[in-house]
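Order of writing sets the chain letters: A, B, C and D. Residues in each chain are counted from 1.
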């Protein structure tokens, strides 16, 4: 039974996330083309490439450093709406991890809850508005439940991933009410929200790391 | 034998000049079209119409007033190159007449000589450059000769007119070396310089007044 | 096909900032990365509230041209028509802060609002208090339903920067300046029209085309078209209609006082701007509205758009004093 | 089709001057007929040499924008691109004179030269001494044969007005100021390029057309085409060539000092002008030429021409002092 991500593992998590999003770039861009302005993939990969460079130049020393670096890169370089919001999302992960030895269920739950609160405070999207919030909110709920149920790390990550994926998929039936998708109306129906999918990819990258260790 | 223009006659002279130039406007404009930019006639008649208005508003009281008014109008309102030069030309007539009782051969000779000097100082055109100077210079010479020969007013005016007309006609065989006609080269050959012709019209208007009195 | 004096269009903003810094001869410092422009003497007067503004580039002289004594302490330029990032804003605010806290003057666009809000949160962790004045004066974007991103910010931001800058110089504290900025904003409205859109650096075409007999009526400053088109008309017809749009929501009546800004949006000539101001003076005189102060010129552009805006700002003695206070920046000095 | 914010184009200049006067709030007075603009406080300082400039309109902010303490005492605007008349110049000079005589600062064009010369003769009869400084900095119009009207006058006139204005303020007498103006002029050269011509108010078309891949190289400020066209090129290639044209006739060498003016001719954006200035700084640094002072912005226009000029003026300590002296005009203040 695993209790939390080690510093090496938060690094693997972030590395894996970068690789996954880069692979998904064409798909994400296409989704943003159907519901927005088609720059989502570029916005992501530009910032993520810089994260990778920064992590090479300044290798992470602390549990929270990979998140911290990713946060700063998104806040420094990303142009779109999603960029600064993701920057603040990763920042909550960095805060929860900072100085710690392990990133356990408690930290994960806390970071996700704070991330949700921050993104909603800043972007004022509600659940159902067809944004990344539609993936984050169910993940946050699932984590709260997992924590109070005493789930282990793998179980908590699994629950979050499953909830985020479900939420992300569900956005394909939603009419946009925040961001650019609010301008295209019904035309976006059938295509999922790329921001929400990216949140799911983030938990999926965590799942891979947890699986690797426990497997 | 007439000794000089009376105040009533300088008025008639200027009025006659205005009327003559207005009648000649299409022809003058056409000549400027062939050797310049085609605005000569408009430049003249705009200023002359204002002269007529100004003379109605402030009827001449002095021998020099008609010239004075015409000078100021040209210096105030005329846009082309010829406008300010004519303004200074009429100004020499005003100066020579100012305060006097009659505008005689002496005044006429003096005004023409000073007008020539002023226009050459300001525009630095020489005889043969295809400008109004080609009419003024022979008129000035003819007047000097008439004065030293002791000619009467009608004789002096006749001599000036004849010389100015000859000079003006001669410009049709000249290549421009000052003003816009210098840009068109041979294209202007065969057409006389409108500025020079206007000088001839000025002496012709004088001739009509002298003729009227002596006739 | 429109062309510009550029190298690689992607480098234009940074190259311009480098040239801008060189021309200012030490009065202003440009920090390349993260990119911001700051008064060379900033931080000297301990406790003075720092004023920081920013937004997309392409609106020059806004905002970098307004950095200097009596106006901004720092300006944060984004890419052309794109918000600066939160990290840029945070860095600029840190550099500008003299211990008195920071006022962010922000034109109301989603990206700008988001990044300035984030920067304020980052600054909180740095122990620096940052409060925002969101400027939303563009009546053409007023949907009236309280939904959506709200009215856009445009030329009133110049007055907010000038007046709050003067208040900061005289020693007003952060809360006072924020309250002042919000008061100015709530009494300010702008209406913009265009005869031709601007063209992005390196792009051959203007961002929209317009028929010869049309005016874009209520245009934005990022190449957004207006909701309305208006038949081409002489300024004597156009200006009264523009004034109607700004006066009505302000409820300006006889005997009231305003500060007026007649702004050129890029390629509109001074002759035109002054001719427009003449109409404005006549219209307001007829309605008994008193122009306390007027600014007429090219102060906020949308690249090389052929267009202009009219801004009216409810005025009073305090605002006039602040307006008249000295200011010494690259683009506004008296 | 280019359009403008105008009523009847024939009224534009006068309407603009009326709006201009209104915006200046009493610092400047516009005399309608004969038309000239004069400092409201002119004639107050007995014996100060008066500076009067003028020329066609359409070049704003030149010259009316430079009337004020430290620069011009009066400016005389003609119709668009047409000389003011001698009577206007005479009236402006009379109004500006404080007993110290008048210096006429005149861009070297046939019409302007003629009318200013005539005005000086008229003023002589008024008992006012007027001497002219003819500014002829445009290298593109240098035929080299001493024939014809000579080099045209362009952006160097701004420096002549600023520097002579400062000299007049400090009490230099008429002969000193004329000598100064001539010294500045003889050490000043300008080269101008355009990507698109301006359009006359009310006229649908720009005064010339240019292919997409061409630059008008050595353009005039009245819609005259250049003698040369140049293939479109990035500023890193363009600026060194422009610098060559102005540096060579001045014989500027390593270690010499200049004042530089990078001027936008109408619709060229500040971003572009600053990017051009960056190139200028690099080129001159490479050649060891020192930029003592620089002015970068839109100071002399040719209606809405997309173009720019680079002016270099041989500089020394005295000129730098005069440059730094305070100036307070609608378009230039420090």
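In the analysis below, a residue touches a chain if its C-beta (ideal position, glycine included) is under 8 Å from a C-beta of that chain, and two chains touch if they have at least 3 such contacts.
Composition by chain, UniProt nomenclature: A, B = Dihydroxyacetone kinase DhaL subunit; C, D = Dihydroxyacetone kinase DhaK subunit.
All of these numbers come straight from a predicted model, not from anything done at the bench.
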Chains adjacent to subunit C and to subunit D under the stated definition are none
Centre-to-centre on C-alpha atoms, which chain is most distant from subunit A? B
In whole angstrom, what separates the CA-based centres of subunit B and subunit D? 35
Using mean CA coordinates as chain centres, what's the subunit B-subunit C distance in Å? 59
Could you grab the centroid distance between subunit A and subunit B? Build each centroid from C-alpha atoms only and quote it in angstrom. 90
Sequence positions of subunit B contacting 2 or more other chains: none
Every touching chain pair, please? A-C, B-D, C-D
Sites on subunit B touched by subunit D in the complex: 72, 75-79, 81, 83-85, 87-88, 118, 122-123, 182
Going by the contact rule at the top, pick out the subunit C residues touching subunit A in the complex. 34, 79, 82-83, 85-88, 110-111, 114-115, 117-118, 121-122, 148
Subunit D residues within the subunit C interface of the complex: 1-8, 12-13, 15-20, 22-23, 25, 57-58, 60-61, 65, 195-196, 201, 204, 212, 232, 234-236, 238, 262, 266-281, 293-296, 298, 301, 303-304, 306, 308, 328, 333-334
